[in-house]
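Two complexes, one shared chain (chain A), two partners (chain B, chain C).
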Partner chain A sequence: MQMILSKMNFSSWLKKLNSYRIFAPVKSGEVWSYELVEKPENIILDYPNTIIPPKKVLFPQREVLLEFESSSEQEIKLKEVIPEETPSVIFGIRSCDASGLAKLEKIFKGGFEDLYFSKRKNQTILVGLACNIPPSPDCFCTSVGGSPYSKDGLDILMTDMGDEYYVESVTEEGEKLIESAIGLFNDPEENVKKELEKIHLESEKKIKRYIKDIDKISSKLPEIFETEFWDKESLSCILCGICTYSCPVCHCFDINDEVICTFPLKGKRVRTWDNCQFPDFTMHSSGHNPRPDKASRLRQRIMHKFNYFNENCMELLCTGCGRCISKCPVGIDIVEVLEKVRVYEK
Partner chain B sequence: MKNEYIPKLARIVSIKEEVDGQRAIKTFRTQFVNKEDFSFKCGQSAMLSVLGKGESMISVSSSPLINDYLQFSILKSGRVTTALHEMEPGDVIGIRGPYGNGFPIEDWKGKNLIFIGGGIGLAPLWSIVQTAITKKEEYKDLLLIYGSRTSKDLVYKEELEELKKKMTIHLSVDNKEPDWKEFVGFVPNNVMDKKPLPENAIAVTCGPPVMIKFVIKALNDLGFKDDQIYTTVENKMKCGIGKCGRCNIGSHYICKNGPVYSWAVLKTLPQEY
Partner chain C sequence: MVKLDDIKKECKSILEEGKVKYIVGYKRNNNYYMSIPAFIEKIEETDQLIWDPTCVYNLVRFLRDEKLRKERQKTPDTRPIGVIVKGCDSRAINVLLQEKFIKRENVYIIGVACEKSGVIEKKKLRKKFNEKNIKQIEFGKDNNFIITTEKGKTTISAEEILAERCIECNNNTPVIYDVLLGEKVERSLSEHFRSLEKFESISTEEKWNFWKKELDKCIRCYACRSVCPMCYCDECIADSISLAVKPDTTAEEKAQKIRWVEKSPVSSENFSYHLIRALHLAGRCIDCGECERVCPVDIPLRYLNKKMEKEASEQFGYTAGLDPEKPALVSDFKDDDPQDFII
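Up next is the complex of A and B:
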């Protein structure tokens, strides 16, 4: 379904969606982030990109998995804490982040299904916004199989056409969302469709960063596994972890028990985002660490994204959003690292 | 739909002190509080919970042929295993799983099986040893080569004495001890001393990484091919189901694709374990 929505009617559409929780990019101080929006009429879809990707809505930075309670060592009560079934819509997702959510879905639903993720994902409708101009000078989606107007992972793709949005449903859920307020939408005329195509093609050309021969790099990575390359590239890393926290597909997590009261025992088992760049991420209780230095940890991050995941799922675990480049305080640039891999000679 | 993160409650029915001191080992037998389906394969592991402390992945050391309890032999090492060591019979823990691939023992029928263990490394092997002994007619000769630093550090001491009546067992300690009549030296040296034959044989080894490395070298020297040698790999784990991202070696998640590997496969993976 392809429709036109006047920008003046955008907030009317949102108001019609009052049975959903609505998430959208909200500006707070200098940064934009996805937040639950109380007054949907305040949503403005005019923003660069959020500091943290929308993964945080489906895979929160901290979430309770279960609660436990016990009056003695012999009696323990467990209570499963499963996310509530609240239909939600996330508005304004960039194509890179949407494809990131599609990759996360493969990870969390594949094999053993992760109910916490899938309960949220199954009741969330994803409405994307094409990037007419790159939201970041560091983004490189076209190098990793994406595009600024990719529909991968989305239910609806919107494109800003000046005074109106071109609204295209991708899935049945998306179609229903449009139909629920169909009176607000118009059919697109032929010349508008041509204009859309032009905007999309132009947007691709505006992307500044590019990785040459990504397939070749992907298969070359194992060859340079045991080289000094990684020592040099990781030298400046200060282990802050922003590269993975801000990544739309990084999904490593920790599970810990938080005790509220020791007697009688009461507490929660909590899952939090974790980070492969931290030394204790892989450290055994004996003190032995299979990835003991910055070199082996940067190598893990790059290998996971561009080789291991490719081997397991036939795609890259990177969407080209560029956040890890923009946010790195010491200038570790994944595009540059991969270019160095490409030209590296042992 | 099953929520993989919720453990089943189980009661500790017995605790046996195997080794005391700095590197204490205890063997726990547990029974589920409610009737649960926990069918597993030799070499698979379970995520044990001490509520309020956390979880730890431990291999099941009892045989899948035993239905009325699960057995775990645990080295006191981190927060959770230390808490387990402080528990008493009757206390309740959480168990989820089973996880991992397990040993392909169906493929080993009609073969000679050689088990080579060091220290706590006998625990994951114990599950197959018990299974193979119970179904002795399905396998040819069974041999166990097992050692530890000192005779005090050997696990399953009484059980080993009993087992000697049913299969060949060669024990060792690293250094000379009064009254020690068996081999003195490292486990790989004992392997070279006993010279098991590679014909129609599978060797399974488990123990400290450095021991495994030299056992594999010894087996190769004795003519064992890489696909005749099996071992298990350990890494830190949190989820146990291939999601949390820390136990991987290359594209393999040990919790899911491992922990059992033939040396032919393991030698092709990065040595990040």
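Up next is the complex of A and C:
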């Protein structure tokens, strides 16, 4: 379904969706983030990009898995905590972030189904917004199989056409969302369709960053695993968690028991995001740390994204959003690191 | 005005003489106007070095990595590493010396005087320029910065985009160095704690609401801890398992390790993390402002540390990082120390 929605009618559409929880980019200070929106009429879709990708809505940084309580020494009661099924819509998702959610779906719903993720995912409709102008100078989606107007992972893709949005449904759920307020939409004329094509093609040309020979890099990575390359490249890394927490596809997590009361025992089993750059990441209880230094931690991040996942799932674990480049406190640039991998000679 | 050529010349000569293993300095980022840390090993690489108002990083942070690296090597190169420091950064070296974390012979200090200038604050810059268009920022004459954008060069008074910490700084000249580049210029700024004024005048309740709102944003990426030259503990309270676990640590000992802060990014844990960090930095923080600069969600962390600095100054007449021979604030007492904080 392809429709035209006047920008003046955008908030009327949102008002019709009052049975859904609506998430959208919200600005607080200088920081944009996806938040639950109380007043949908205040949504502004003209935004650069959020610091934390929309993965946080479906895979929150903190998630209670179960609660435990002991009434006597012999008995411990467990109560599984499954997320409520509340129909939700996320508005304004960039194509890179949407493809990130599609990749997360492969991880959390392929093989073993993670109920916590899938319950939320099944109830959430994703409405994307094509990037006519790259939101960041560090965008490189076209190098990793994406595009600024990719529909991968989305239910609806909207494109800003000036005074109106071009609204395309990708899935049945998306179609229903448009149909619920069909009176607000118009059919697009032929010349508008041509204009859309032009906008999309031009948007692709505006992306400045590019990774050459990504396939070759991917297969070259294991060859340089044991080289000094990683020592050199990681020299300026400070081992913070910005790159992976802000990544739309990084999904490592840790599980801890948070004890509220020791006697009688009461607490929660909690899943939180984990981070391969942290000193305690996958540290063994013997004290052995499989990745003891920054070289091995940077290597892990690059290998996981461009080699391991590629071997397992035939795609890259990177969507080219550029957040890890823009936000790195010391200017480590994943595009440059990969270029250096490409030309590296042992 | 410090000449870049002088910095390069000094770096070349110490590398030539084999005085240092490598030098940590600043170089250009190929795709962005900000500088990035540079690790210079070869003489020809010294041409990459730059010195401009985007040299914000406190490179003393990297002395910790060097120490760890050396500990892992069987036959480490024991020569010092060279490090380029501004006034604030040099005080960090003093604290590390005072705490005996490093030895004086481990480091060759190339001090660079900020003279009447300093480094930029991106937040202020963004209010005046579209960051995407900026190509380069340089020191200009008479306390000005020259900003090159796609449209050409603009001159702006340094004060307009100078980092708040630079405006409040009393040490524009490094306090410890092997070589000093630039001139010792008096720059008496009486506004040493000016950023605290607004914050100190509000009520306790307002303070609570302010910090609750700010710290609730924290995503616990620990960039503040990771970038801090003083956060060098082997075992940080923020890590979920103790890093000081050794192969012979028993299960019982492990079970008894106290978990001070849960990993959950919720108010109580975020408060614990940030307040413990602030207290650990009391009398140690030298206000390089790196924690606040790197915070991805813009938490004004300098307020916390600056307040501690003010307490140390007013209560004990102590300023961190001025003298490596003096005992550290929290490892020393005098009979006439104020007692009023004891309830």
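One rule holds for everything that comes next: the second predicted complex is superposed on the first by the 346 of 346 C-alpha atoms of A that agree within 3 Å, B and C clash if a C-alpha of one lies under 4 Å from a C-alpha of the other, contacts with A are read in each partner's own complex, and residues count from 1 in each chain.
One rule holds for everything that comes next: contacts are C-beta pairs under 8 Å (C-beta built on N, C-alpha and C of every residue); 3 or more make two chains touch, one makes a residue touch a chain.
These numbers were taken from a predicted model, which means no experiment stands behind them.
In the superposed model, A:M8 makes contact with neither chain B nor chain C. Looking at the shared chain after the overlay, A:I44 reaches neither chain B nor chain C. Contacts of A:N256 after superposition on the shared chain: both chain B and chain C are touched.
Of the two partner chains, chain B and chain C are each touched by A:S286.
Of the two partner chains, chain B is the only one that A:E75 touches; chain C does not reach it.
With both structures placed on the common chain, the touch criterion links A:P137 to chain C but leaves chain B unconnected.
When the two structures are aligned on the shared chain, A:L201 is found in touch with neither chain B nor chain C.
Within the superposed three-chain model, A:I182 lies out of touch with both chain B and chain C [touch as defined at top]. In the superposition on chain A, chain A positions 254, 256, 283, 285-286, 288 are in contact with chain B in one complex as well as with chain C in the other.
Per the touch definition, chain A reaches chain B in the complex via residues 65-66, 68, 70, 73-76, 78, 80, 82, 107-108, 111-116, 225, 251-257, 259, 262, 265, 267, 269, 271, 274, 276, 281-286, 288, 290-291, 296, 300, 303-304, 307-309, 311-312. Every residue of chain C that touches chain A in the complex is listed here, in rising order: 29-32, 34-37, 39, 57, 61-62, 65, 68-69, 72, 123, 126, 132, 217, 219-223, 225-227, 236, 239-241, 243, 245-247, 249, 254, 262-266, 290, 293-294, 296-298.
Against chain A, the residues of chain B that register as touching in their complex are 1, 3-7, 9, 11, 51-55, 77-79, 81, 87-88, 90-92, 94, 209, 234-236, 238-239, 241-251, 256, 270-273. Note for the complex: chain A touches chain C at residues 28-31, 51-52, 61-62, 137-138, 209, 232, 235-236, 238-242, 245-246, 254, 256, 258, 270, 272, 275, 278-280, 283, 285-288, 292-294, 325, 327, 329-331, 333, 336.
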